[in-house]
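Please find the structures below.
Both complexes shown next keep subunit A, but they swap its partner, so subunit B is in the first and subunit C is in the second.
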Partner chain A sequence: MKRGWALGSAVVLGTLLAWEMGVWLSGVEVYLVPAPSDILRALVDGVDSLAPAAGITLGEAILGLALGGALGLGIAAVITFWSQLEQGVMSLALLIKSTPVIAIAPILTIWLGRGPGPKVVVTALLTFFPVLINSLEGFRSVDPAIADWFRSVNASPRQYFAQARWPSARPFLFAALKVAGPLALIGAVVAEWVGASSGLGREMWLAYNNLNMPSLFAAVVILSLLSAAVYYLVVVTERRTVHWN
Partner chain B sequence: MSAIELVDVSKTYGSPPVPALTDIELSAPQGSFTAVVGASGSGKSTLLRIIGGLTTPTRGTVRVFGRAPEELRVAKEVGWMAQRPALLPWRTVRDNISIAQTINPQPRPLPDPAHLLDLVGLSRTGDAYPGQLSGGQQQRVALARTLAIGAPLWLMDEPFAALDELTRETLAGDLLTIWREVDTTVVWVTHHIPEAIELSDRVVLLTPGPGSVAAVIDVDLPRPRDVTSAAFQDLVRAARSVLRDVRLPQAVT
Partner chain C sequence: MLRISVVLGLLAVSCAGNTPSQDLTPVTFMAGFTPQANLPFVGVYVADSLGYFTEAGLDVTIEHSGGGSEHLQLLAAGEVDVTTQDAAVMLERRADPGLPLVSIGLIGQKGQQAFVALEESGIEAPSDWAGRTVGFKGTPPPDLFAILDAVGVDAADVELVNVGFDPRALTEGQVDVYPVFKSNEPDTLEGMGFDLNMWEAADYGAPTLGLAYVATETMTSTEPETLSAFMGAVIRGLRYAEEQPAETIDIVMTHVGEGGDAEHQRFILDTELADAHSALTDTHGLGWQTTEQWQELRDFLITYGALPEPVDVVDAFTTEFLPSLDGAG
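The block that comes next holds the complex of A and B.
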């Protein structure tokens, strides 16, 4: 484990060093490719604007993920109880999933303004599908021997759902959240690019328009770190709550 | 009075229909231990599911304690135990037993889960999760869960098939002791002839699929049974001979 960490750190440090050296030796302009030291400086200098922006984006992503996740989970539960709804609901879900977010985001911005509203909706639209698909599969993944036992004691559909389907679906739900968590941040940032008064996407857009590459990269670094943090938060929560898997 | 009565029972699956059981005639007295023996595909498990109200027959009549099997299942009067323990891995051993009592509760006195844990020799593992137990221990928990609902009928589908020889012997002994205490009717499915003769009062031998009753052997030997005795071996030979005659190959040991 320790060796793995050491090796991973060495690879990252080696890459950064090679990048730094490459920029210095080639003399490439900072507005094209900034060196890691330039990005670090931009991070330190811009912390007063980047930190609150990251907080706003993270907030929008979490709200959107909660909304999309609840929607996906809820629809999956409804389909589990009433399977005759599956074809209609899944066709609609697939249609929403197939529509490019970049096409919907401007419409939502016109409708809902430049505040957090459209970002939350875009994020929810992006995240609900993986949660829906995985939850549905999870609800249906009950071990047939366990299903037989519940039938043998004549458990009600509600009891069966609470005691067998829901716990069986939990590992599937966490698998979905590992994908949907980082996706939520991407959704929020894409929506902010289209039109926002604050957030990491807004910071990136400003940096892009000013050809301020170190600041643009600094925002990307923060976004990547947030994505990794969200992923590991899901992993840690899974370890605690799905201990049997 | 017969606890279980099957008259002319047949079962087919799917379309075009594939027959699983044909013209089964079977009866078992109250408090008896009946073993059903047959090779894979002979319809043993289907027969058990029909008696337990988990599957409906395509033709024929089934009465259990004079009632339809479905009625018994709804009243939670069937203790079901399968080859795999089918425990809930997200619940502790104690919860796995008590959940059997809290789901679809019935107005009849039920045994104390702590006493059941003690009975199956697992009083110290109540707080453990099934994943922390051995296969034999998990089957003991499944047995305690079957006992927990206080059902007058136990249907057991090769519950010891996945266990090693020594664990199987110990569990079989424990099961017989408990069965004699609670006066329950048992139907036990297995493909292992010596196990059937060691445990049961009667052995029902099924033909290869579609299964029908090839013969019924009464086992009139005192318990505990000496598996090395000549009488025991004679019964094993007789059962094997019947199954060979109906062209049952090596699958039956």
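The block that comes next holds the complex of A and C.
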């Protein structure tokens, strides 16, 4: 385990060192490729604006993930009870899934105002689909032996859902959240990029338009760290709650 | 035999006239936004379409930026030879991160930014902005604060909101005052049936400037003949646009593509043509620029915090490549 961490750290440090040397030796301008040291400096210098921006983006992402996750899980549960709805609901879900978020984010701002509303909705639109698909698969993946036992005791559909389908779906749900969690942060940033007064997306937009590449990459670093944190939070929660897997 | 030789010779000359010469100098032009009738774009479209570039010995490739700052990055990296940029932003990028940008022709003698309110809102003048919501695109521009200063309204008395680029923020009541490019959104909003009141900083004493053709210091020092040929052709294109606006819009629409609104493009063209003229251009021709213009713009930007420090404007522009008024180059 320790050897794995050491090897991983060495790969990361080696890559950063090669990047730094590459920039230094090539003499490429900072507005084209910033060196890791430039990015680190921008992180330190910009912490007063980046930290609150990260908090805002994280808040929007969590709210959007909660909304998208609840929608995906709820719709999957409804389809489990009434399978005749599946074709219509899935067609609609696919339509939403294939709609480019960047195209609808501006109109969501017109509909929902300039507050966190459109960012939360964009995030929810991005995250509900993986939760829906995985949850549905999970609800349908009950072990045949367990399903036979519930049939033999003449369990009600509600009992079967709560005691057989739901436990079966939980590992699938966590698999979905591992994808949807980091996706939620990207959704929030995309929505902020289109038009916001705060947040990491706004910081990135400003840095990009000012050709301040170190600040842009500094915001990307924070976004990556947040994504990793959300991912590992899901992993830890899964380990503590899904014991048999 | 002699007759056959003459015919073959004439054919050879004829063919040579119809195909691009091997001697044409390749130039890559990247417009700073998507295809539309912004005046510097129009000069290039017309020069390309009517063969002015070929006559000037150039083989120009026209590309378009998506609207970010990538055209400046590509210019600085040498991937693009000439681009377009708002004069204020060009100065800001010269100061930070220090891009070696040079204006080789100032087409917009006035800035294109303005602010509008719905006529029905009762906002008759900027002095009415106090207590209202005023939008901005990305960052609050110096123009906004210059107007507020001129009418004695404290910036703290208006609520500033980032509204992006959708004018429906105004019609849907999200802001009371909306920032526009005066050659663009006012036409869209009026087309939607809204009457507008409009204000621009230049009318309140701000020394704003508009779009310029921009090259790098390397390009201006190493390729002066190429830039002279380029500017000669595009200024010729702009003169054509003034004389033949209808035909010019036909050319513009070949770049805008199907689904474009020719009437809207005509609005852009007419508005920007009006602002391409000043006492300076009447004397020296389209695209002319002076140290005084750039110094005033620099001081204005510093006053409102858009420039972090004084920058030398002498190297920020040149009239070296502009043709004379009679088109003699």
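Definition applied: the second predicted complex is superposed on the first by the 245 of 245 C-alpha atoms of A that agree within 3 Å, B and C clash if a C-alpha of one lies under 4 Å from a C-alpha of the other, contacts with A are read in each partner's own complex, and residues count from 1 in each chain.
One rule holds for everything that comes next: contacts are C-beta pairs under 8 Å (C-beta built on N, C-alpha and C of every residue); 3 or more make two chains touch, one makes a residue touch a chain.
As the structure is a prediction and not an experimental result, all values here were calculated from the model.
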Clash or fit, subunit B versus subunit C on superposed subunit A: fit
For subunit A as apex, the angle formed with subunit B and subunit C - C-alpha centres, to the nearest 10 degrees: 150
Which of subunit B and subunit C A:S224 touches, first, second, both or neither: neither
Partner chain in contact with A:W205 - subunit B first, subunit C second, else both or neither: second
Touching partner for A:A145 - first (subunit B), second (subunit C), both, neither: first
Partner chain in contact with A:P167 - subunit B first, subunit C second, else both or neither: first
Partner chain in contact with A:T237 - subunit B first, subunit C second, else both or neither: neither
Touched partner set for A:Q159, first subunit B, second subunit C, both or neither: first
Subunit B versus subunit C as contact partner of A:T15, first or second or both or neither: neither
Least Cα gap, in Å, left between subunit B and subunit C after the two complexes are fitted on chain A: 51
Of all residues in subunit A, those that touch subunit C in their complex: 29-32, 106-107, 109-110, 113-114, 194-197, 202, 205-206, 208-213
Partner subunit A, residues of subunit C touching it in the complex: 68-69, 72-73, 76-77, 92-93, 96-99, 138-139, 161-166, 168-169, 172, 174
Complex contact set, residues of subunit A against subunit B: 143, 145-146, 148-156, 159, 163-164, 167, 170, 243-245
Residues of subunit B defined as touching subunit A within the complex: 52, 54, 73-76, 78-80, 82-86, 88-90, 99-100, 103-104, 129-131, 149
